[in-house]
Amino acid sequence: MFYWLQKNLPKIVIAPSFAVILWFVYGFVLWTFYVSLTKSKMLPRYDFWGIDQHFRLWSNPRWYIAVENLLIFTVLFVIICLLIGILLSILLDQKIRAEGFLRTIYLYPMALSFIVTGTAWKWMLNPSMGIEKLFTDWGFTDFTFDWLVNREMSIYTIVIAAVWQSSGFVMALFLAGLRSIDDEIVKAAKIDGASIYSIYVTIILPMMRPVFMSSIVILLHISIKSYDLVIALTGGGPGISSDMPAVFMTAMAFHRSEIGLASASAVMMFLTILAIIVPYLYSELRRQDANA
Amino acid sequence: MATLKVNNLTKNFGKTQVLKQINLEVSDGEFIVLLGPSGCGKSTLLNIIAGLESVDEGEIMIDEYVVNRVEPKDRNIAMVFQSYALYPAMTVRDNVIFGLKQRKVSKEHIEKSLNHFSKMLQIDQLLDRKPAQLSGGQRQRVAMGRALVREPQIFLFDEPLSNLDAKLRVEMRHEINKLHEKLGTTMIYVTHDQVEAMSLATRIAVMNEGIIQQIGTPQEIYDKPNSVFVADFIGSPAINLIHGTFSTDQSSPCFIPEQQKENVKINLNDYSFNSEPKEGQKIIFGFRPEHISLRDASLKSQLPVDLKPTLIELTGYEKEVSFEFYGNEITGRLPRHMDTELGSPISLSLDLSEISIFDCESTLRI
Amino acid sequence: MQTLDFQEMEKIERSTYRKRTFFRWLLFLVLGLFAFYYLAPLYVMIVTSLKTMEEIRQGNLMSLPGNIIFDSWKTAWSGRGGIDAGNVFLRPFFWNSIKMVVPAVMISTFFGALNGYALTKWRFRGDNVVFLMFLFGCFIPYQAILLPMARTLGVLGISNSITGLVVVHSIYGLSFTTLFFRNYYVSIPDEMIKAARIDGASFFKIFFKVLLPISAPIIVVTVIWQFTNIWNDFLFGSSFSFGEAAPIQVALNNMVLTSTSVKEYNVDMAAAFIAGIPTLLVYVLAGKYFIRGLTAGSVKG
């Protein structure tokens, strides 16, 4: 008995946590899956109804707006964050004296919550008193900047704030990647006569593929889950013009009493993330096996 | 073809001075090895010669031209690194010709050089592979190829063989030797391995704590080390060093070992002093293990000694035997077929024409 | 074989020198511009919070306040005194957040450490699968568990309470903390555990006496990560608590959204800044660990 206990102690120690994860992650996801196949409205009902909720979801114009916004947001957010992050990491890699200080500045937004970020940018983007007024005061009297209240443009204000918050993170990832590169490779390239530009473009950036991968996955992950920032900055408005799937889901679940529909949208989000994460984890693990 | 001169070079990293007033002259076609323990500044010196580190004081001259502020790429040098530093995302071919491409060399010439040198280094079968798919020895060859195709004036090697296993290391050492023979280019080679240094160099510069301790041919360095550090660093098993005092006995100089019960005086008549020490000066008496041998009365300037083995180690082709020698433990190299037994004395002699004497305080040769 | 040409070299030397100074200036210019870009919102936030509404209407985002007045900070923190519906202030919610963060961070960190230890130093069949299943918890969109969680909290009778939020954050932090500790312990040589076992130490003794004492860096990283995430959380807070049990981010959002007669931007900014201070402080004081957490969380597996 004692021996058995000794031998299985590691498993016993892990068991409670594992059970919690099994129930609260996997069990709950399955629950959500199932509810998305029922007629649940205000309260969950457990009689099977089929995939009608998913049909309802995909014929809901608001869902289309949310998905379209998500696409616009994701593409811009990922690309701009990568560009800024890579640029800054390369610039900071040039043996700058103030590197630590600048890095701190570039990354601090990451420590703030999306609600704080949203509140600050909401004020900056205020159509009459924010940046617009700043530029009129500076003499650009015709300058208008009303994206926050413009149905066509409101989604882009979310991009602006999100990039401000997350681009420093990409910088940190790439800087860590750059620092892990064998010093001698850069020396060899210098002696080979490569310019700084071609050292980065032809030698170093191709070596950073894993960092690209993780950055993109993390940025995608942030963008699909983005909820707080939308709520704080635009509240999904004006109207529903800057709606996103996560906002749609909570609106259906908590305000519209459409639990079935909300679950269907949550399932969509879940599947999207699954499609990104599973291949990523797979390739990560294979890479590590290859290294081991 | 090029010569290299280092004049009064000093380099600091923060507050620590890693190179102190280095002077070095390399003539055309020489193979200079910078040898020293890790942290002695030899790699820093090489990096400065390459232009990868800046100079704090002093000058680096290639062919009489001060290159202190010339970029590495404009110094017409090539370098082989310890980690090989191959570009992981490129094929072997692209790795090798990368430098030529940067220099906008004509396609025909690139093709010709690539063919020539990849055959020479036997990497012509590997050209389409990525570095990750190569063995250590192959990577080493590719790294050499990358340096060779450039046909530089000076080759720099930074511990190029350290990451190879023992057998490959010997093999590559031979290849580098042959290469130098064939090309006759000036080469500067950094290593901490004395065997590499002895077998490759035309001259060795032994470095320690940011200073060049001694420059000379391998033979000079081995036979006439100018300091205790050099004497001790070169040679395996290490040189025997015995502390004692200098004295003049009946007008001939002699050495009196410390810690002895007998009153032994070793006659130093056959040693040519740089400057004769004072009576009673503390000195160190050094001799290499191979200078202890079976007694042979016909040889001159021998000191006959009867020594008891305290430890016998067979290395295969000889025996390394430890003896008690006037209160010190010393090592001797004896032929393997010789009968030795722990505790039973052997009649040996010490060759006094091959000894080195150092001052105890300055640790320099006197 | 080319040789060095003196005049050519001199020309090269001069042009590289000129190029280098030019690029150096450009480099600092670009870096400076970006620093401005990242700092501007913080500057605006602070400056606005120190102005009166009158100054805000007259000046612009960048203009400095005439007198530095902390009135709006006071209002944001402890309200105006009156008990009207629109009078939301942060003080009680700030304490709510503290009461939520401290236990949740401690619980999730402790279990994460234990899991990481068991997973790396006492390998058992299927341990990799177990770890992968933990790992996946880092990625799930919480929308997929929001509804069942709300019902579960209801059943347990802890919905709309700080306790409920502690439970939720402890559970969903577990994946991250396990990942952190697992990755840290993987890099510690197994020989250390073997030596301790031969010396006769038990499972828990090894954990508490051998491993934990050398885990300080990863504990700091994990605590900072969990603290920042839980403090900054809005989704769980807004979904599982309303009114008095809300954490600070929810309160901040409510405060900004409450439409009293006049919008008080200075109070909004002061409130936003107050809500951001704890995490900013942690970031400034322990930035190194914060960054390490970010990168450790990204290089999964």
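In this document, chain identifiers A, B and C correspond to the written order of the chains, with residue numbering beginning at 1 in each.
Methods note: a residue touches a chain if its C-beta (ideal position, glycine included) is under 8 Å from a C-beta of that chain, and two chains touch if they have at least 3 such contacts.
Everything numeric here is computed off the predicted structure, so don't read it as measured data.
Where contacts are defined as at the top, ignoring chain A still yields one piece in which all remaining chains are linked.
Should one ask which of A-B and A-C has more C-beta pairs in contact, the pair is A-C.
Using CA-based centroids throughout, the chain positioned farthest away from chain C is B.
For the pair chain A and chain B, the distance between C-alpha centroids works out to 57 Å. A separation of 15 Å divides the Cα centre of chain A from that of chain C. For chain B, residues that reach two or more other chains under the stated contact definition are 71.
Interface residues of chain B, counted against chain A in their complex, comprise 47, 50-52, 71-73, 77-79, 81-90, 98-99, 102-103, 146, 150, 158. Looking at the complex, you find that chain A touches chain C at residues 6, 9-11, 13-14, 16-18, 20-22, 24-29, 31-32, 35, 44, 84, 87-88, 91-92, 94, 96, 102-117, 119-124, 126, 129-131, 133-134, 137, 164, 168-169, 172-173, 176, 214-215, 218, 221, 224-225, 227-228, 231-232, 235, 245-246, 249-250, 253-254, 259, 262-263, 265-267, 269-270, 273, 277, 281, 284-285, 288.
Residue ranges on chain A touching chain B, taken from their complex, read 182, 184-185, 187-195, 198, 202-203, 206-207. Chain contact summary for the complex, chain B toward chain C: residues 1-2, 62-63, 65, 67, 69-71, 74-76, 151, 153. Against chain B, in their complex, chain C makes its touches with residues 1-4, 6, 9, 12-13, 16-17.
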